[in-house]
Amino acid sequence: MSTTHTQTAVATAAEPDYLSCSKGWKSWLLTLDHKRIGVMYLIAISASFFLGGLFALALRLELFHPGKDFVDGDGYNQLFTLHGAVMVFLFIIPGIPAALGNFVLPLMLGAKDVAFPRMNLASFWLWLFGAIFFVFVLASGGLDTGWTFYTPYSVEAQTAVIFAATGAFILGFSSIFTGINFIVTIHKMRPAGMTWFRMPLFLWGMYATAIIQVLATPVLGITLLLLIFERVTGAGIFDPHNGGDPILFQHFFWFYSHPAVYIMILPAMAIVSELVSVFSRKPIFGYKMIAYSSVAIALLGFLVWGHHMFTSGQSKLAGAIFSALTFSVSIPSAIKVFNWLATLYKGSISLATPMLYALAFIFLFLIGGLTGLFLGTLSTDVHLHDTYFIVAHFHYVMVGGTLFAFLGGLHYWWPKMFGRMYSARGSAIACLVSFVGFNVAFFPMFPLGAKGMPRRYWYYLEEDFISYHQLATVGTVLLGCGLLGIVVVLLKSLKNGERAPANPWGAATMEWEAASPPIHHNFHHTPAVHDPYDFGDLRFDPAQGGYARTSNATATATH
Amino acid sequence: MTIANQVAAPPHVEEHAAPRAPFIAEHFEGAEHQFESGKLGMWIFLVTEILFFSGMFCAYAVYRSQHPEIFSYASQFLDSTMGGINTVVLICSSLTAAWSVRCAQLGQRKGLILTLALTILGAFGFLGIKYVEYSHKFHDGLLPGKYYHVQSEAVADVGLDASIPAATEGESHEAAPEPAHDSGHAPVEGPEPANVKIFFGIYFAMTGVHGLHVIIGIGVYVWLLVRAIKGHFRPDYYGPVDFTALYWHLVDLIWIFLFPLLYLIH
Amino acid sequence: MSHEEHAAGGAHVMSPKVLLGIWGALIFLTALTVWSAQHDLGRIDLVVAMGIATIKASLVALYFMHLRYDKGFHGVVIIGALVFVFLFVSMVLLDRNQYQADIDARTIELEAR
Amino acid sequence: MMLTLAQAGEGTFWFPAQAAENAAKVDDLFYFVLYVSVFFFLLIMTILSIFVIRYRRREGVEPEKSPSHNTVLEIVWSVIPTALVVYMFYTGFTGYLEKRTPPTGAYEIGVTAQKWSWNFTYPNGHTTNVLHVPVGVETQMVMTSEDVIHSFFVPAFREKMDVLPGRYTKAWFTPTLVGTYDLFCAEYCGTAHSEMITKVVVHPQDGPDSFENWLREDSDFLTKLSPVEGGKKVYQLRGCGQCHSLDGTSGNGPSFKGAWGTERTLADGPKVVFDENYVRESILMPKAKVLAGYEPVMPTFQGRIKDEEITALIAFLKSLQQ
């Protein structure tokens, strides 16, 4: 315990934190503070997730019986389309970068803010603006094209395709703005002493993600613009009835949407890298390999889009090239898993809730990643493509991977964001229920798909598939209960949770040197740069209820 | 759309111990740090612009490589004189944009105002010519998709026989006043190829999105002009002028490719 | 008006001579591309047009956009973007060329109807 | 008859029956990937569990030092997965080439998909909505769509290929097991996507149920059925119902209900009687006389339809008059 920390505590009491330093809705909606923007994003994407979750629940309930329960074909098509579109565009793409990343990234750099605070706010406003279009879609007859907008169906569909495409176009710019901001922030705002290879891995993940956001998202923008153009004029670029080419649309679409998968998973991996290291009090194993593998995944991820098109009428040659490149992405992903495992070796492993999510992530992502092998393999993909096997695979990656890592990160940074500790037991139970529910919901879909159940069917052949569907529906309800439990536990903590210390987990990255919650300018004193994974001088301090550094010397450890 | 606004607008200033110029946002160390950050941000934004246009270039490449006949036939209906003049106009306004950066760097306020104004003038000139071209196309029914209904006079104008689909002979001549422009253009023989409308779809998509960028550029330049008149820029603070010029040059760059790809096809 | 002019912070200032020289070159190249388009160069038609456009683009990027005097990283950023554009366009073209025959066969069939 | 044959072959936990030659290859590769995956999953999860238990946090116990990287270990765990995925890629790639390269001289069946039904055309011009194929014969599907993208998916054959408008795609297989199997549309195609299901009937080589017998008899349906019933079947097989309803609702074309013998106005003014000549002409040259209020969108059936079929169809239309 050093005097500096006592002083910090005093100063904290004196200076109001970022949550209470100003009041009124204007002080939030017009704020340039990255922390407030992050919190607003958190609320916004959680609301979207709730909406998307309701659609998911509705369609699983419909599928409990083979026949019609409460929606028919058109209604079901709307449900799965809106579930996909809301989850992808409104929740999972902005999810970790815009909500958690916005809050944490400048703090991790010891900076006052991101490089372009105005652009950051603009990004949030664009998100809201895009979300309003989705509300229009709901109000004006829905959307039934699937979130992929495949032509020519999307050209002739009678639903609000133009609204939805415009909304997604705007959300794309929101994502681009976040990406530009993060790249420049990481390049230009690193404190002296934090070299590229002394950066926390979360920042590497954010950097890799931002590269994808910047390079891929514009292509989605132009694709959607051309789709709108096609619908309005029948220009004949994507619509074969006017001489266009639907495969061209798929190339365009997946050139964005495959890398978008890495926009979703790279930040998740980055969070898990932090969690695994902090909660086993061990420097991350193979730091450089993890850092490089993030960038490698981001760049290689651009060259694999054609694996969504193995049965689409894409040529054999392109199929072969894309299959080979797809496997090349599997290696850096595998390396990450091995590195996490090696980090645990001889550690001091705490099973605090964030770590439970990290372990759940490894379990689920492993299944999601390994089942990807079946799909990257050309001949087996032909059979499995567009079946429930795919549905299960990408939910294991997107939900089991991204959502669980997001929740892990949320539980990890929650004390920092709101200055309150949540119930350890309650959050652990909610985590467990979600984990079990998720597996019950999605594991049956693997054999279901291999047996031939196509996706996007609201009606199915009873004798073959009913038990799998019923199991999946039960699991979904369980997952829903778990997620609801998480919300309850976290909200309760805001009301009567214990005050959080500055560093409750004993982490060595810089955000934990700020008060919980941080002051408006983040830090009272510019913190010294330490090795982000050297836990040697962090000791538990009962007086604070958290960890504190035993020495204030600038760390000189090198990699 | 341009991030210049984000970077450049007078930052949220709060009291700081060290004396700081008012244009430096508090989270930057100083003028250079802020300038370098803004510049990197702008270049990355230009990357997104390049990727944005790449989609249309890709569509262009696919259809031109598979259906060259559509492109060589339909391109005759474009007025390459107007396109050429527009290329020159845009190059000139690129020059004044580059010059405006020089003026800003050297603190030449009058020069800055003049070059910014000239850049805007060039942009309006470009749009004016584009407007004339577009209205001809609308008049002649040379429109994308279902709006494509080419008028026989337009076909006759480019030297094709309108009455018989299979045009026999005839010098193709553009609507250009100087006959000199006519000489080299090889006449296209044979009937109108199928799906000519795809060309006009691509033409309007590419030039339309490009035109939209010009309009946005005008907006930003007007804002710069106002700030220049107010004397906001100085040799140690000229980032917005520099970044907007980068954007403007990119718009010029894209036109440099669009011109031969759309107007100058055999 | 020497070439050594520098603004505050060491940024490079373009001299009027270079600015006007580049402008002249751009105008000349525009005229050249229009002139060449009036002569049937056969297969190299497109190559010539794109070659001239690329030279023009490089001039704009290197001088008007200061890339020649700028941080190397900005050049890397732009070249990186162009690499991805190249990969995108070339993969799509490659694929389309492979399946074009299937489209042609159907087009002939439909026209026969 | 054939349709009532039980689903042949036994499925497994993962797969439906293997009913085509290539299916076993696909399954074998699937199982290879599965075993590799299960092995690595169990290995990693076991090690993970051991670590979590063995190194759980204890009061006053600090983590032991361990190397922050280990080149040999890192190379090993990069190279082994690489070798495995190279094998997966290669085997999948060769299997895919086989799947996507139809043998020359295969028995060719034309497939036309439309919202939301399948149409299979055999070399003799006969069409059905259920796919019939002979066992043990290399059979190629030449597929195209009338409207949006569909996908031809027969799980028992492990074969799937999208069916696109404006171009042809191909799929081929050699059925090995006599029986009836599901055929799904696997690419989302709108309202009734999940009802775009039909069957594949694999016929034995000889005997009364053989493919040849079936094709001969089924093609002859006009001689066996009454003209009206035959005409109704033509109406169904040829997809007339897509545009011409039987209940009076107007689609892309006029409804057939009560249409026979009525006088109609053409788009360009004159009137025409809905009779034998008009129907015949409209089937063969649909754009010649288009009724007012409709677009000239009907495809010609010239060369695709037999005269007897038109005669039967006319008998069926007459029967709709009341």
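Per-chain residue numbering starts at 1, and chain names A, B, C and D are given in the order in which the chains are listed.
Throughout what follows, a contact is a pair of C-beta atoms (placed from the backbone, for glycine too) under 8 Å apart; a residue touches a chain by one contact, two chains touch by 3 or more.
From a predicted model like this one, the values you see are computed outputs, not experimental measurements.
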Which of A-D and B-C has more C-beta contact pairs
A-D
Subunit B and subunit D have mean C-alpha positions lying a whole-number Å distance apart equal to 47
Inter-centroid spacing, subunit C versus subunit B (mean Cα positions, whole Å)
14
Interchain centroid distance [CA atoms averaged], subunit A/subunit B, Å:
37
In subunit D, residues with contacts to at least two other chains:
166-167, 169
Multi-chain contacts only, two chains or more: what residues does subunit B have there?
36, 40, 44, 47, 51, 54, 58, 62, 194
What residues in subunit A touch two or more of the other chains?
215, 219, 243-245, 247-248, 251-252, 313, 316
Listing of all chain pairs that touch each other, if any do:
A-B, A-C, A-D, B-C, C-D
Any idea which subunit D residues touch subunit A in the complex?
11, 13-16, 22, 25-26, 29-30, 33-34, 36-37, 40-41, 44-45, 47-48, 51-52, 55-58, 61-70, 73-74, 77-78, 81-82, 85-86, 88-89, 91-93, 95-101, 147-149, 151, 153, 155-156, 158-162, 164-167, 169, 182, 184-195, 197
Listed in rising order, the residues of subunit C that touch subunit B in the complex are 5, 7-9, 11, 13-14, 16, 19-20, 22-23, 26-27, 30, 33-34, 37-40, 45, 49-50, 52-53, 56-57, 60-61, 63-66, 70-71, 73-74, 77-78, 80-82, 84-85, 88-89, 92-93, 96-97, 100, 107
Residues of subunit B defined as touching subunit A within the complex
1, 3, 5-7, 9, 12, 25-27, 33, 36-38, 40-41, 44-45, 47-49, 51-56, 58-59, 62-63, 143-147, 194-195, 197-198, 200-202, 204-205, 209
The residues of subunit C that touch subunit A in their complex are 81, 84, 87-88, 91-92, 94-96, 98-99, 102-103
Name, in rising order, each residue of subunit A that touches subunit C in their complex.
215, 219, 245, 247-248, 251-252, 255, 302-303, 306, 313-318, 321
